[in-house]
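Each chain gets a letter, A, B, C, D, E and F, in the order it is written, and its residues are counted from 1.
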Amino acid sequence: MTGNIVIISMASMGGIGAALSLFLAYADKKLKVEEDPRIEALLNILPNTNCGGCGRAGCRVFAEALIQGTASVAGCVAGGQDVADNIAKYLGVESVKANSTVAVVLCRGGNKETVRNAVYKGERTCVAANLTGGEKACVYSCLGYGDCVRACQFDAMAMNDNALPVVFHDVCNGCGACARACPMDIIEMHPVERKLFNYCRNKDKGAVARKICTVSCIACGLCVKDCAVEGGIELKDNLAVINYDKCPQDDQPTKRCPTACILFDEEEKMTKEAYYASLPRKAV
Amino acid sequence: MNNLATKMFLVLTIIGAVSGGILAGVFHVADPLIQANREKELKEAIFVVLPEAKDYKVLEKEVDKEKITVYKGIDAEGKPVGLAFIADGGGFQGNIRIMVGLNIDYLKLKGIRVLEQNETPGLGNRIKEPQFEDQFKGLEIKPKVEYIKYRKPEKPNQIQAITGATISSDAVVKNINNAVAKVLKNFPQEEVLK
Amino acid sequence: MADNNQNLWHEFKKGLWQDIPPFRLVLGTCPTLAVTNSVINGIAMGLATLFVLLCSNITVSAVRKIVPGQVRIAAYVVIIAMYVTVADMYLAAEYPPISKALGPYVPLIVVNCIILGRAEAFAQKNPIVPSIMDALGMGIGFTMSLTVMGIIRELFGFGSILDIKLLGSWFEPWIVMILPGGAFLVFGFLVALVNYISRKKAETVCH
Amino acid sequence: MALKTFNHGIHPSYHKELTSGKGIEKAALPKKVIIPLQQHIGAQCKPLVKKGDAVTEGQKIGEISASFVTAPVHSSISGKVKDIEKLPYPGGGKVLSVIIEGDGTTKEWGNGSIGLELESLTAEALRNIIKEAGIVGMGGAAFPTHVKISPPKEKKIDAFILNGCECEPYLTSDHRLMVEEPEKVFWGMKALMKAVGVENGFIGIEENKPDAIEALEKVVSGSGGSGIKIVALETKYPQGAEKMLIKAVVNRKVPVGKLPMDVGVVVNNVGTAFAVYEAMKYNKPLIERVVTVSGNGIQEPKNLLVRIGTSFEDVLNQCGGITKDGEREVLNGGPMMGISQTILDVPVVKGTSGITVIAGAEIKPNTYQPCIRCASCVEVCPVNLMPYKIGDLGRLYRLDEFKTWGGLVCIECGCCSYTCPSKRPLLQWIRVGKVKVREREKV
Amino acid sequence: MDEKAQEKVSEKPVQEKSIEKLVVSSSPHFLRDENIPKIMHTVVLALLPAMAASVYFFGLRAIGLIVISVAACLMTEYIVQKIREKPVTIWDGSAIITGILLALTLPPSFPYYGAALGSVFAIGIGKQLFGGIGYNIFNPALLGRAFLQATYPVLITTWSEPLSKAAKAGVDAVTAATPLALMKFEGKMTSHLDLFFGNVAGSMGETSAIAILIGGLYLRYRGYINWKMPLGYLGSMAFFGGVFWLINPAKYPDPLFHILAGGAMLGAWFMVTDMVTSPVTPLGQWIFAVGAGFLAILIRLFGGLPEGVMYSILLMNAFVPLLNKHTRPKFFGEDIKA
Amino acid sequence: MKLILIFISASLINNFVLTYFLGICPFLGVSNKTENALNMGLATTFVMTLTAAATWPIYTYILVKFNVPFLEYVAFIIAIAALVQLVEMYIRKSSPAIYRAMGIYLPLITTNCAVLGLALFMVLRDYDYIESIIFGFGTGAGFTLAMLMMSGIREELEFADVPEAFQGVSITLIIAGMMALAFMGFAGLIRG
């Protein structure tokens, strides 16, 4: 009797196992995996933050583009050089230098510097505030509600006590999310090497601009005169515009800027640690 | 057939066969123990509901394709003392299985034992408690068992329902009535006494 | 060698807190909820799972090289199911009351995600000794979790632990604790607690 | 008989009594005007003058470009161009504007001196006059009227509705026009109907303006079989919104994403009709408009005939100025749809139907509570949206869901925010969502 | 912006005194004079008749239970809000309603500690765990009661006769069966008049239909409840109850009995109508109310329990998000093609 | 009538998720979006119905007949694994669109204890063939219902201000607890 059971069990289980294996073998033959396994592999290399810095709707799309060859291996700005190298290695192609950019906040008119005409009531985000006139007399200025900071997935920004955003240059990987989030187009992406900026976007006439903000560009033209090369800086729409193609970037263009809105090498020092160290200690 | 398929075939077949074998072996050892446990439990239950019984006999009948089993309790002298049988039916949640002991005079219960139930702990599952089970000792089954609420039973065929678990109490009573009726019909006294 | 031991210790330890199965990995949730209405059931279930986990991890780790990928799951499932049946029969033979209380949840160890999960995620990639450590860690972590659930539910639900009355007659038992609703609630709160503690830990590490 | 209306909507306190009995007064001639070169939906005008030029009242100073959807602008006073620069615009932001310093002279626009009779004009000529006069919709949106009355051939227009609802609280400028100049409004309407080429005309008026209904009724019945009917409507906000008005008057629904002309209707505002009359009869471009100055923050509420370009401050000062203490909010338009101003040095423009100053307790709080699902926003939304939901989706930039839940269908009437007991800025969030959707779709 | 992100951005310091400046905001610029406390306090007012009836029928213990529940609700709300460092909003009235309603659904003899436990559960877990007012999925008061029903099933089904009847019997408190239990387990009916005035055993606040009706109609008059809710709920109970009654009048009670007995009235006027936990769309509201009515009858007539109002509402609460999502009204002009 | 009762009982009263705690892992894992929940629910229902249809004969005609009921678990799980594979194959062949929507959930179903639980309960309850199939279908429907309700609630909760420690699995479990409390109303509705 027992022997019988053992045999029956072995036979039936063996049989089921055999049947299953045949079935699976058949299934395996009939149906090959369709998805390119390389996509998964690339996703493992990519940061998977879906920040959109590559200009695509998320990391998976970028990975697909890489495989199709429509994207540069250095296309992932958030990943930087390391990721570019790894992708290149995986795909077996030459790595490219990742052009690293960094976000620059082109407005210095915080609470202390600008005149406020009104009191804003409503949702405290920049996009929402921008639907109304906003509070500041300067209609080109940073609104100060931190949409950019919230957009940054990498904690590379903070709003300072003057209600202006600060970018930590050691953390920012140039994904550009903040620039896309800003309704005032205050934030621009620039190559990290770039050091000279006009930190003002006000297109009002000098006389008007001077009245509403202490650090606005008043289009006096001193920087244009002091510029080392012809056309390195131009005045456009009451604003000094730096022509980066021509600007040699090796020296400060002027020390005479009356509102000190055109500055050299200003942001470089701002690291995350330095910023938080500069804050007054919070009582716990 | 290619190499991979062969390998798959072999691996699965062997794993299947080996596990089948192991299981059969374990079964061989464990099954008697399991059966013994079951038997012990059954026996215990029968002796609880038929306290005078020292042994029992299994009587089986097939009615309408349904097998009905009763256990005839026999005392030390070999005289039948009563019938034990299982009453099974729905409770508040899930089934309630009760071993019912019927006196050989076919008028009174000798006791019951709740074997399985899924009633709410602390509520319905108090049907398992001796206070409840003991109410059935000597309970008259004619015309049928009844329950009443909030009060002490007044008639010899009544028990008091558990407060807050009327449904479970009701289910026990109903199950017993059903099972008793079935047994009375299919195992007439004369036949059992034989 | 020391390094090796360190690693083994790590494999063991991670199941106890860092990856404690039901609370952190959210695997094996069904038994965690279903059988923990008393401490003893929780422990028994935990041990049965530990047994199956250990055996299957060992077996899987042993046969991992010869099982082709296409039949991996099928093969592992068979192996696991076999050990579960063994455990089930053992319980039925030796501890019938517990076997009854656990009801159909013992066979469900087969599909307990922890077991297949560990087989897939760990044993399949590692040699036998680390697999044993992994199984022990995970199994003990799982048993611990079930025990904690059991303690809370039994204490509030019956006023007792391991059938020993702890709360006096003044305590009106919270029947909800033994019911499904209570199981979910207790589980939910424990997950939150574990979240909270690990976050606090992470914070203190940072500073 | 129940009055005609649409479904949902709200009944705010209208406060129209502040000005509804006050006749239209001519405002003082401003010393300086600021004339934005874009006072309409569409492309900005090219300036025709330069700094230092002398201009006369009614002279065209902004010419339309190649774009179809645009309207010229005219100087509203005589004087000298002081400057042309970007200046704050009451609709928000900065717009290139011509600053004119007045010389104190005014022009007589005669009484029918250059009069034209309707019968003698073709639809084409009518449209041209309207276009040259720079007439844009005066009901708020400032959509160039000549564009509106030139529907493509394939759209059969069979009904013209004159919008006399003026459902915004406080505002009474259309009301006063209808009471004081019913003939001119009626004449302007007939001109517009002719330009569109429709026979059937309706004038929709809320029943809280019985005197306006009466006045127009008299004119209409006096003119005999003109094919124009006056429809009294329930007093309910936003009765004047095009889609709601069309539903109430001719019982047609404008499909989502479509225009009134798609259901064969053209809607124009009472003020627009009046402007058309003046353009026809006196050859007078749109350089003046009736502005209701009202609100609980204004000393002396009035209806004023104001020249385009007069600064808000100037206008407010003619009404006793605004309350000095407490919080105040100055709106271009009424409290439901108006745009709040940061400074008072902004000009009255063609679309300024009123200046409302609200103050003190009427100003909304700056905080809001969680949504309690009271469903009142759902119950009031005239276009059947679920504002609490699209508000949240817009706020969180969940744009795909925002679109599927109908964020883009919102007509921005503000009923939802108005009614919300939790004071949630629903419409603002919806606008945020719309901005973000537009931004995304541009890329 | 979600809460978390908002915290990342430090609150913008306001530099100047705001008084002289103009206010700017997005339209609309003026809002209805309505707010949460106003609504909630009106509901408390509307509950006064029911509370008075409970005291009248069941004595001072009713006051005790109500006070304990309300106090426990307020305390819990306060403590959670303090712990979470959120603004304390205990006086907005919603926790008071929860406390009152929870108390009104308890038997008069229910122990005080039980009422307190239910309140803590209702507010602490049923409401604040989801983020406080407006975010909860289930009706907090009913959730508190469901918790108590599962926790102390015996205590919560031990009813006593109203004072007047007890006095007649010459004892202070008599355990008794509720009209629904009498109907269900003993096949006995209670007179409609007793049900209407509330002179029966049952939860403190649910016995007197007339007192609830006064409060409910007042709320309807003030516009704080949607007429679809009570109508749909009671109507559906009457309809489905009526169907069974017509099938077997001897076994099943008549529709009026269903509406007047048990928690139907309290549920219909004060619980189905809870805005937070009911759908916002017209169709959803109908489905919600009618579905809950159906479930209540189903449970009453066929379930294990004599009363189904509480469970019917809780069960439908769980469907509310789905209802809101799938009963979106057609946009104006969505259904027409041009 | 009995079949209807079995269906109602399996889907509502003895809802697998809320009263037997089976299939909790996918219930927690895949209930974040209604679409996912629906797809998972439908796939599971399908597999469950098939499982009931396939395991009943295996049990009755093989295991019982040859007197080897102890092979129950092994045989059932193999049958389920094979079925899931079959379903996957079939869907992939017949409708790539559905496959894309449901494909990722299919492997999860193998380790869904509700499916094996179904087979075991079916045996325990002595259902006949048709009853078993209805039971399987009803159980799947109940699972889908619970998934849908939970997913709706979770979508709504994305806007709620749940304390951080409770976000995710924790609040989902607590809501499940509340749903279980509410489902107790059905207790005793259909006895047996």
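Methods note: a contact is a pair of C-beta atoms (placed from the backbone, for glycine too) under 8 Å apart; a residue touches a chain by one contact, two chains touch by 3 or more.
These numbers were taken from a predicted model, which means no experiment stands behind them.
Touch-path distance (fewest steps) from subunit C to subunit D is 2. Should one ask which of B-F and B-C has more C-beta pairs in contact, the pair is B-C.
Of all chains, the one whose CA centroid is most distant from that of subunit F is D.
The distance from the centre of subunit D to the centre of subunit E, with each centre set as the mean of the Cα atoms, comes to 47 Å.
Between the CA-based centres of subunit B and subunit D the separation comes to 85 Å, rounded to the whole angstrom. Subunit E and subunit F have Cα centroids lying 33 Å from one another. Rounded to a whole number, the gap between the C-alpha centres of subunit D and subunit F is 60 angstrom. In subunit B, the residues that touch at least two other chains are 4, 8, 11-12, 15-16, 19-20, 23-24, 27, 31, 92, 120, 122-123, 167. Residue positions of subunit D touching 2 or more other chains: 327, 339-343, 363-364, 370, 395-396, 425, 428, 431. Shared interface positions of subunit F, i.e. residues touching 2 or more other chains, are given as 68, 70-71, 74, 78, 81-82, 159, 161, 163-164, 166, 171, 174, 178, 181, 183-184, 187-188. Here subunit B touches subunit A in the complex through residues 1, 4-5, 8-9, 11-21, 23-25, 27-28, going by the rule given at the top. Note for the complex: subunit E touches subunit D at residues 1-2, 18-19, 22-32, 34-36, 38-39, 89, 131-135, 226, 275-281, 285, 324, 328-334, 336-338.
Across the complex, subunit F is touched by residues 5, 8-9, 12-13, 16-17, 20, 23-24, 27, 30-31 of subunit A. Of all the residues in subunit C, the ones that touch subunit F in their complex are 26-31, 33-34, 73-74, 77-78, 80-82, 84-85, 88-89, 104, 107-108, 110-113, 116-117, 176, 179-185, 187-189, 191-193, 195-196, 199.
Put simply, subunit E touches subunit B in their complex at residues 153-154, 157-158, 175, 177, 185-186, 304.
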